[in-house]
Amino acid sequence: AYADNVKIALVVKSLGNGFFDAANKGAEEAAKELGDVDVIYTGPTKATAEAQIEVINSLIAQKVNAIAVSANDADALVPVLKKAMERGITVISWDSGVAKEGRQLHLNPSDTGLIGETIIKLAADYLPEGGDVAILSASSTATNQNAWIEAAKKVLPEKFPKIKLVATVYGDDDSAKSTDEAKGLLKSYPNLKAIIAPTTVGVVAAAQVVTDENLIGKVNVTGLALPSEFKKFIDNGASQAVALWNPIDLGYSAIYLAHDLAVKKEEAKPGATLSIGRVGKVTLDDTNSAAMAPPFQFDKTNIEKFSKIY
Amino acid sequence: MKSFLKYREIWLLAGIVVLIGLISTRFPGFADPSNLRQVFNDTSILMILALGQMVVILTRSIDLSMASNLCFTGMVVAMLNAAHPAIPIPVLIVVALAVGLVLGAINGFLVWRLNIPSIVVTLGTLTIYRGTTFVVSGGAWVNADQMSPDFINFQRVAFLGLPVLSWIAIIVIALFFLVMTRTAIGRSIYAIGVNPTASVYAGIDVGRTKFIVFCISGMIGGLAGYLWISRYVIASVEVANGYELNIIAACVIGGISIAGGIGSVGGAVLGALFLGIISNALPVINISPFWQMAISGSAIILAVVLNARGERRQGRIILRKAEAA
Amino acid sequence: MDTTAQRKVETEQSQASHPALSARLTLAGISKSFPGVRALHNVSLSLYPGQVTALIGENGAGKSTLVKIMTGIYQPDSGEIGIDGQVTTLPSAHAAFGHGITAIHQETVLFDDLSVAENIFLGHAPRSRFGTIDWRTMRKNAREVLETMRAGHIDADARLKDLGIANKHLVAVARAMSIDARIVIMDEPTAALSMKEIEELFLLIEFLKSEGKAVLFISHKFDEIYRIADRYTVFRDGEMVGEGMLKDTGQNEIVRMMVGRNVDHIFPQREPKIGAPVLSVSGLSHPTEFDDIGFELRKGEILGFYGLVGAGRSEVMQAIAGITRTSRGAISLDGKAIAPKSAADSIEAGIVYVPEERGKQGVVIGLPIFQNVSLPSLARTSKSGVLKHAEEFSLARSYTERLDLRASSLSQDVGTLSGGNQQKVVIAKWLATTPKVIILDEPTKGIDIGSKAAVHGFMAELVAQGLSVIMVSSELPEILGMSDRVVVMREGRIAATYDNKGLDAETLVRTAAGIAA
Amino acid sequence: MTDTPAPRHIPDRLDKPLSSAIFSWEALLVIIAVAIFAVNSVASPYFLDPWSLSDLTFNFTEKGLIALAMALLIISGEIDLSVAAIVALASTMMGMAVQAGAGTPVLVAIGVVVGLGCGAFNGLLVTRLGLPSIVVTIGTMSLFRGIAFIILGDQAYKGYPESFAFFGQGYVWWVFSFELALFLVAAAIYWFVLHRTSFGRRIFAIGNNPVACQFSGVRVDRIKFILFCLTGLMSGIASVLITSRLGSTRPSIAQGYELEAITMVVLGGVSILGGAGSILGIVLAAFIMGLVTFGLGLLNVPGIVMSIFIGLLLIIVIALPILWRRLREGRFA
């Protein structure tokens, strides 16, 4: 009976990342709920497309039923995922998407535009007078970060006219480089009021720099962060608030959707509405993408609680 | 005739001064003492690592596993701190040195006892040590919140106007200077690089000295592991990934000959400083981050070309000797 | 080192002329094998204080191997080492040092990038109160050692790299002097020295004798041996075949012990048929090494190049062979101007240069003998780039057998051959290119007497076949015995050219040293 | 004259004991490869499937192609750490050409020529200026990839023509991919060149003693230059394959390939100090690395744990013959 179980691979950008470990918790929860699912939690250790392809190749060989991938590269994975689909494997992407031809559907953690707006809003909320802000991103090739930054830039002029985005720099999700870049920002822009880092490594590095340079209260660090990793900086005031979606729900939903497509033969087409168990329902847009939920904000009032969860 | 080495370091120093001057034209505050102090502090870890690598390179070996050692030791120390916040920091530093020493000793043992070329040994341990970090940590990170305040703040405490991190670097530099110029082991390290066969004939135990050298680089890697983790307040498998090449680049720019036997403490320090200044300055002078890689690549090539220039142009000069006579 | 069990060994004094004198060092029943080679078999040797013992033997007889055993670099497979009558072991070079054993090895082993003072004192530098190296005292002591050796002209602070080869050798000697050595070993110390420096070295050896040191002296040159040594030990094929006092033994007897037959080294009688000029060089200059070199080499001629070490002969020859660049001058071969830019060019044109430093420039250690021999001739032993093994072997065989190479097979790594046998491979390698002009730079350096004769005979054969030879040599007998004409170089310039009829050694030496007759 | 006895006869070669063939490097690698293959077949029911085995080869073909040329370079005593950066730069140039509307033949030409050009640049720096290659290529490694970053920044090139996909995704026959076929053909050519031609012989000689080679009329610098060009060329070819396989270009493409290629070369028995090695060894090492990573992948072992295996394999395989020799000589420490 075990062999008949549906095998769904949850492929992440890289192993050893708290965010994805939390997603896996949700995936296991979905598997238990669905009953007939085995989750294979896997991914490369180096966050590169090449390494991820090797992982996917071995999943194809294992004849898994579905692959749910958070991609290191939106385009480079397309050929191998196409091959997977040709061999009858259901492929969806989640979190960080794959180009349309490489998957059946994509589950955004949240609406891209909304994330873009949120990261700016997190800074703007604590800057009633307005001022200079800068973005410290992950690697310059990260698909989702780039999309959010794009969206953020779009909403700036109309919604936040007093906020001035002075620079966008890349820390490559590397602590040392992110630290250098954050310091560079502080030196180059003495009037900087906030650093927005939509990546968990970058946001920690920036907050540590602000702490070290005694700029707490002068420069606010914000962005996307896992509460468990970031609690210290909410506590010490380097950051007023950060946001993130619930990675547990994200993993849960990814498995749910993959299962529905693979087993119930639901069709992923624009306009279709699919159920994702306890999280609710999503509707696919014309690129077969769906957004799960708006980002959730963490500040002094709730960080304690959530840092225990993920 | 003055030692040629000094000559080279003065050039490097001049290069650094010019570099700072150039940067200052675009970012006036860069040459301020307070900023330079900060650059020094920011470069401290690289300087320490470059010194560890230097002694290895001097013996015609190379240690590619330093960054992985750093990652492993950093993780061990961070996990220890997270689990037992009461352990005082000096003890943790000793632990870091000891763990690093063990990893270095493994490299050294393989080089010494099995006579495997160091580049092969450390190419292997490069992946093994980082992989083991993953196994030890189960892939989980240790983040700022799990580290004790002492753990994080130790290196940041100011003492006589400089953070402890800078002082550690200064102490390490002084120690290395003493060892390399004033002790038998230091001179043996040079001798081995200049001529390994002659060293055997001179009664130096080449294998054992190489073992010691790897122990030194291991300890340095371990020390840097603690400093790195407490500086960047995140311990993960990805820490300092690929940093081994930066360390070697610092040595190369500092005029340490990859063929062994030539190089000095001052060179390694200046080489690291040079790289540190570049990575510090690029963000502030608004050069697109995408240029950084190409610029440091060009700097390395330039440094090698210049070093090689200085190294050659030494003929036998029979004619001139004849004229002088 | 005192921890090893110590026990009395009776010292062999069978033929000592001073029966009262006891040996300072005795080796008894020493054997040593390398994979496939039995280098030493049950040999013994004794060294006496205040005496110089000459160790004599053909190339590959095992002399250097024994030296390495005595200095703790190799461990013997069996046998006993006794020092002052106490059995001991020498597990490392350091241990040998501790017993006051010091050596100048066959290949100069020093540290190019370190200062002269450090080269002398590395490993036993004077210490300060804190246990750190006391540089000041070290420099002072270095100057003192050099002074006592009458080598005060060497700057103790200079980097070794910047010294001439002879001075480097003196530094090696100074190093041996700097520890209070009781046993001094010299493995072919004169091979790279000129006459003047050899004289100085001999003065030094006399001094060592007078200080009561035991000296082991290895050389292939009998005149030196008879001048400086008191006793001798002869090795043949790794076994000891005789020992005694030199004053009681004639050269012929020793040679017979060495090779097991009579070798009377007389230079080959030739009927030189000198033809038209083959190679002519004019105005050849180098920015720093030599100036205005001009000479002619004729068909069927052996042209000797004499000079003191460092006179620049090798540099000139390397320029003719395309290895170093010149600033000015012309070279023509058979009347056609050539400008070789690499050794490949000159070999193609028909000029080959057999280099002097065989370890560095001659053999490719790591490759088997036959591949070494065929290396410059690969174009001939391959067809459109594809190798033909059979031809490589036959090429290698024909040349190495004529030079009487001692090897177990042609597929043996040259690195496992003795120094002299490596030299034979080197000569074979360049001869195999069938050149028009062959330049031999110190062709018999480090070669034993039997092989020397073979090389000389071979040279005679070559010129008889119409080849032209330039022979660079620092050995006067060789120059006088083999050359048709002699060019003498001094300090990068040609000092004189002589016809070798009635030429005497003194003229050459004076010209080379720049002393007016 | 001398009464010289007749010259001794020197045999071509002595008969080697059988044990030296059995304990040769290649034999060791074959044993390891077979063992891993067997373990994989037992450990995973999915392993013994033609398509699985075919997919497996993609794990090493591109790096293997680079390793072939790198082996020659390392045998000659040099090294090239910039190969992965060359892949990135060549891929970027192909990407630019695609934006300009180039077709498949032009793309391939560009990839190969850029690779060659980068190799020539390394070669010139090393041979003309006499610089140590390990250092030069650490520099060009940053330089080449740096240029790719300058050109592409945070962008990606895509839109490669359909026909271009064949190189990295196509099959020549049944499960035999174009990549595998190319690798095997290239290996055969490299084997011939290294072991059967005078060029190959000179490479070995240079690795053992470059100065003596120069004196022997071997054009050392020219050969080294050619080898750098070859390594660049193979990196260019690998770039075509990988770009085709990924269907897109980012400046971070092929990150870390240099160390994997070098690992393959060393595992294949090439002496990192130069002067010794064989192509058969490289091919076996390539397969072994593919087998290990794929086999562990089937068991869903995380990549980083696999890398521990590769690292251990490297050290153990190098250490085994040494330990074996010591054991036989009875001086086991």
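Some points to look at:
Note that the chains take the letters A, B, C and D in the order they are written out, and that residue 1 is the start of every chain.
FYI, a contact is a pair of C-beta atoms (placed from the backbone, for glycine too) under 8 Å apart; a residue touches a chain by one contact, two chains touch by 3 or more.
None of the values given here were measured: they were computed from a predicted structure.
Between the Cα centres of subunit A and subunit D there is a gap of 37 Å. A separation of 29 Å divides the Cα centre of subunit B from that of subunit D. Look at where the CA atoms of subunit A average out and do the same for subunit C: the two points lie 73 Å apart.
In subunit D, 149, 153, 256, 302, 304, 307 are the positions where the chain touches two or more neighbouring chains simultaneously. Counting only residues that touch two or more partner chains, subunit B has 134, 139, 237, 290.
Residue positions 15-16, 45-46, 140, 170 of subunit A each touch two or more of the other chains. Under the stated contact rule, the graph of chain-to-chain touches falls outside the line, ring, star and complete shapes.
Looking at which chains touch one another, you get A-B, A-D, B-C, B-D, C-D. Partner subunit C is touched in their complex by these residues of subunit D: 1-5, 7-14, 196-202, 204-205, 207-209, 211-219, 275-276.
Within the complex formed with subunit C, the residues of subunit B that make contact are 1, 4, 178, 181-184, 187-188, 190-191, 194-195, 197-205, 261-262, 314-322, 325.
Contact residues of subunit C toward subunit B in the complex are 71-73, 92-94, 96-97, 103, 105, 107, 109-114, 118, 122-123, 125, 131-133, 155, 157-159, 161-162, 164, 286-291, 310-312, 315, 491-493. Against subunit B, in their complex, subunit D makes its touches with residues 81, 125, 129-132, 134-136, 138-147, 149-150, 152-153, 256, 259, 262-263, 266, 271-273, 302, 304-308, 310-312, 314-315, 318-319, 322-323, 333. Those residues of subunit B whose C-beta lies close enough to touch subunit A in the complex are 27, 29, 35, 42, 134, 137, 139-141, 143-145, 156, 228, 231-234, 236-241, 243, 279-280, 282-286, 289-290.
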